[in-house]
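Labels A, B, C, D and E are assigned to the chains in the order they are written; within every chain, residues are numbered from 1.
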């Protein structure tokens, strides 16, 4: 942390500010119609409208809740299965080819399947987010475990650690940076899958807002939904960073 | 490689075989109607139909091409920008918050934007795949570079390496496992974004096949598209694994 | 946060029946029904709970029907046909409107003024949807073959963008996007024909019909009442539609009063069949259905007119 | 735990590196009685660390067997403690927590804290308990690794040049510490060292590992060191032994050269 | 490149570890003339490696300056070569490619290959060129690290206990190798060691680093070693110096004890 905190925030705000300026210029230059690219002001007033109608909070809350629960479930499973595959050659041989294949099933393709298996309601939505969060965590964790310095593993073995204690005292700590970046990717992909999840018989949430505004041609609401997703994505990422940093240094 | 090669393949085929059996049982038990879950045989005949009409090859080829080009571009950018952010605190402060925010913009949200900026044609599709591939590579690479054993970096510095040579001779090789897992995640996400990409003025490709069959209720074609996506995803992942293993050991 | 789980089953052991309906922006009557809660009031005494799911499009309504997530769903007629042909066990029990939701649109400054002039041009449309079938029928009427034009497959909203950007010469558009484009970007409708639209129909699952014919009848009756209400209260209906579909009132007014005919015979039958016959070859050629035989069977078995015939307005 | 015997019989070890097989050890027999201290000497790369790792169950011999207390050594051997040639501390743990890593499983809570504090202060690192491995010097890290092994109070202590990174004074102190610990607990010790004086000062027996040129190594020489432990460093009686040992290792000693 | 002088003036270094500041070095002045060999002795943890890292530009002093050839040392110093206290080979490279890592930038192609082969064979690792660091012994890795530094033919050679992991014979051979290389190329050498004999055999001057209890360390003593290089190991004239050095380091020597 050589750059002081305020400076970092200012630096981080540079690019968004630049984007905002370019956006305003592009919108007001008349290259695009307002329906194609509404100026930032209009998006702001769309925000105001949502706030006035009291809907914004609900959209934000339900989406955040879905992502958090889904991410918790998906990443937990990713850690478990990734740990298993990283530890055991046999498990890896059986599990990993299938998982790698399923990984390529796009979020949109899950929608009809989950609808069929789990119906409507919150469950299929949360499950879809969990599916999204699972894969990056699984991949990163299993890859990281497979590449830990064998010298460190030997220390664990030399001091009688095997199985779960070995995982807890040597493997996971050694793979921590990779696991954290896997968790962050998982969280990000959870947000990505949220939109598909909110295609499932949904009438609230940011993903719904996005799709719905696309269908009804409300470009201002659409941009607002995108920005809100980005902001929430960044916020949750930062939060995860802080939480995990604390967890690691303790 | 203690498990012999054939054994590995057999082990890897276990789970898919089990899934196939469960699928066949579920489909023939009458819990689901054929429109809900057609039996494997029907999916096979849908494949036959596509082959007979001479379309299959085209769908596969165009999708693969889009993913490969998009992945190449996206991962190259991810490596570059990830390298930059991993090397320079200043670049990290300016770039990474924005990138992390944009990361949460879902593939579907990109579609109208890319259409607006890049029109129809191949470009926006490839760009969307590239966007998908970019983020995991960027995140993993920058995280991996930030966590390299400082002792190794010191060796590089002690022997006069800085900037690009340091990156090439010490940082990237030390981060290789993480970078590879990032590339694999990027490729996977490229496939995920393909479906959204093929919403853009598309009349061919697996993503188109998937969406189209979803809209018309051709569940058999839909399942076929999912399976083809999974198979191609796994194939390209394996290929990437082989290529990168070769690249690393040379 | 309270999510979207279906309302909890009553815990006192009394068997409550759930009636699960969809509502959609393209089905104004459903919006009215959902807001006025007529069905809820009427059925509450019989221990029936009513739940509503938004359908973003015919495809989504069909998906939900297929997954047995809803009992009655609203789609375009052609979409219902395709679903039935591809094995979804659904029956059309009611026609809720004859919409003119599709038309051929060109940009503001376009010199194209008739369908015949589209020869050799690039046209955006979403395959398998009403605007696409509309386009094919319009071409056919103008003496053009599908091969005479380039059809670019784009989602409805994206087709609008492509049209306004000038990436395509024309767009087989869908309301309310089409009306929005007219109002905002000055796009022009060069060809309209209400007869080429495949009606808005209400479909129910066969199993549902077998188990709860009384509920199906109640739904059909309620739709009749909603149509009536819209006719009687056009201003309120426009306001409601604008708010629900998140469009401006002028657009809502144009769509609802000018381009949607609600005073139609709700009994599914010959009128719809006529449209189906025209689009059938297209469905086969595009592999939207597995075979022509399937599609023919579907045309013959799709309709269940008895509920609409027996409708009453309470 | 109490000291246990270590028995290595007919052990051979081959490695495959860059495609070629490479025999490192062959026909190594070595018995260390319970409570005995054996020093292992030999030229660089002859297989001392390899033998130690085999003794600790960290690698499996190509042929032969390793018995700890009469039972085959296990892959995760709880009866041995190892000090590796490099400190190999866990970089994410403080020195105190690294030492705690060595404690037997049944030592927990306050007792664990006391034990860790004790061993840290014994190796002179009491002030550095909360430092991370990267924040201490090479010699300090090596001492922490020694503390980790001693904290285990193992049946067999396997030491791979544990004092190589220490200055003369600290080295003598640590040698004396080891001798004290060994005497009190009666631990069996197998000590790899390249310091003949160290071997003579600490060991009951000295085993010289060596090879025919380019062939695999085995035990070339076993020497009983006379005199009871602890030995005086100035003991003149050992000078001859020292000279001959160095001679065996190929070193002309000054003593042999001086008139 | 040809030998260059190294000048360390008024150098201090503080670290922050677990929240507390910790002064390691203070007021260290040391000049090493071009082509001179200076040995650095001192107790474990006193700051020898830290000073070496400062001299190589790998860390920045809290106060004072380090000049290489009259210019401030750079963060990426091409004029120095360092052998770290641990081998620190790049694990993904073979030994040969690790040695190649040390070559000056302008040595490429066939010449590079020849140089690598030369240095590998000089340190006795010709047969292990294609082994990876993980496949060789501790002493072999340390020799490879030495070869990497020598291959650089640096202006200043900074060595941190480069022979600590070697058996007696190999250690003598490597000492002689270093002496030969230094004599031929006239390299400036700063050598951290804990072996007094090694310092006496190789160095022109010996610098003793030491601290007031718990305070920062600085130069406690500088000794000129008499006699020209190369010195005979048996040189009796050095015995007194040896004794007094060990005494300074806190070790009672046998010689001083024997009658």
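One rule holds for everything that comes next: contacts are C-beta pairs under 8 Å (C-beta built on N, C-alpha and C of every residue); 3 or more make two chains touch, one makes a residue touch a chain.
Being a predicted model, the structure only gives us computed values, none of them experimental.
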item	value
Chain at maximum distance from chain E, centres defined as averaged CA atoms	C
Self-contact between copies chain A and chain B, residue sets same or different by half	same
Geometric centre distance via CA averages, chain D-chain B, whole Å	50
Distance between chain centroids, defined by C-alpha means - chain A, chain B (Å)	16
Interchain centroid distance [CA atoms averaged], chain A/chain C, Å	35
Set of chain C residues in contact with two or more other chains	57, 63, 66-68, 155, 157, 161, 165
Touching two or more other chains - residue numbers and ranges from chain D	86
Chain A, residues touching no fewer than two other chains	36, 111-112, 116, 151, 211, 214
Residues on chain D engaged by chain A in the complex (per definition of touch)	53, 56-58, 75-78, 80-82, 84, 86, 88, 90, 92-93, 101-102, 105, 148, 152
Residue numbers on chain B that touch chain A, as the complex places them	2-3, 7-8, 11-16, 19, 32, 36-37, 89-90, 93-98, 100-109, 112-113, 116, 135-136, 139-140, 143-144, 146-147, 177-178, 180-181, 184-185, 188-189, 191-192, 194-196, 207, 210-211, 214, 219, 222, 225-226, 229-234, 237-238
Complex contacts: residues of chain E adjacent to chain D	15, 17-18, 41-45, 48-50, 85-86, 94, 130-132, 135-140, 143, 160-161, 164-172, 194-196, 233-234, 236, 246, 249-251, 254, 257-258
Chain C to chain A touching residues, read off their complex	1, 3-6, 25, 53-54, 56-57, 60, 63-64, 66-70, 155-157, 160-161, 164-165, 176-177, 180-181, 184-185, 245-247
Chain C partner contacts - residues on chain B that touch it in the complex	33-36, 38, 49, 53, 111-112, 115-116, 119-120, 199-203, 208, 212, 214-219
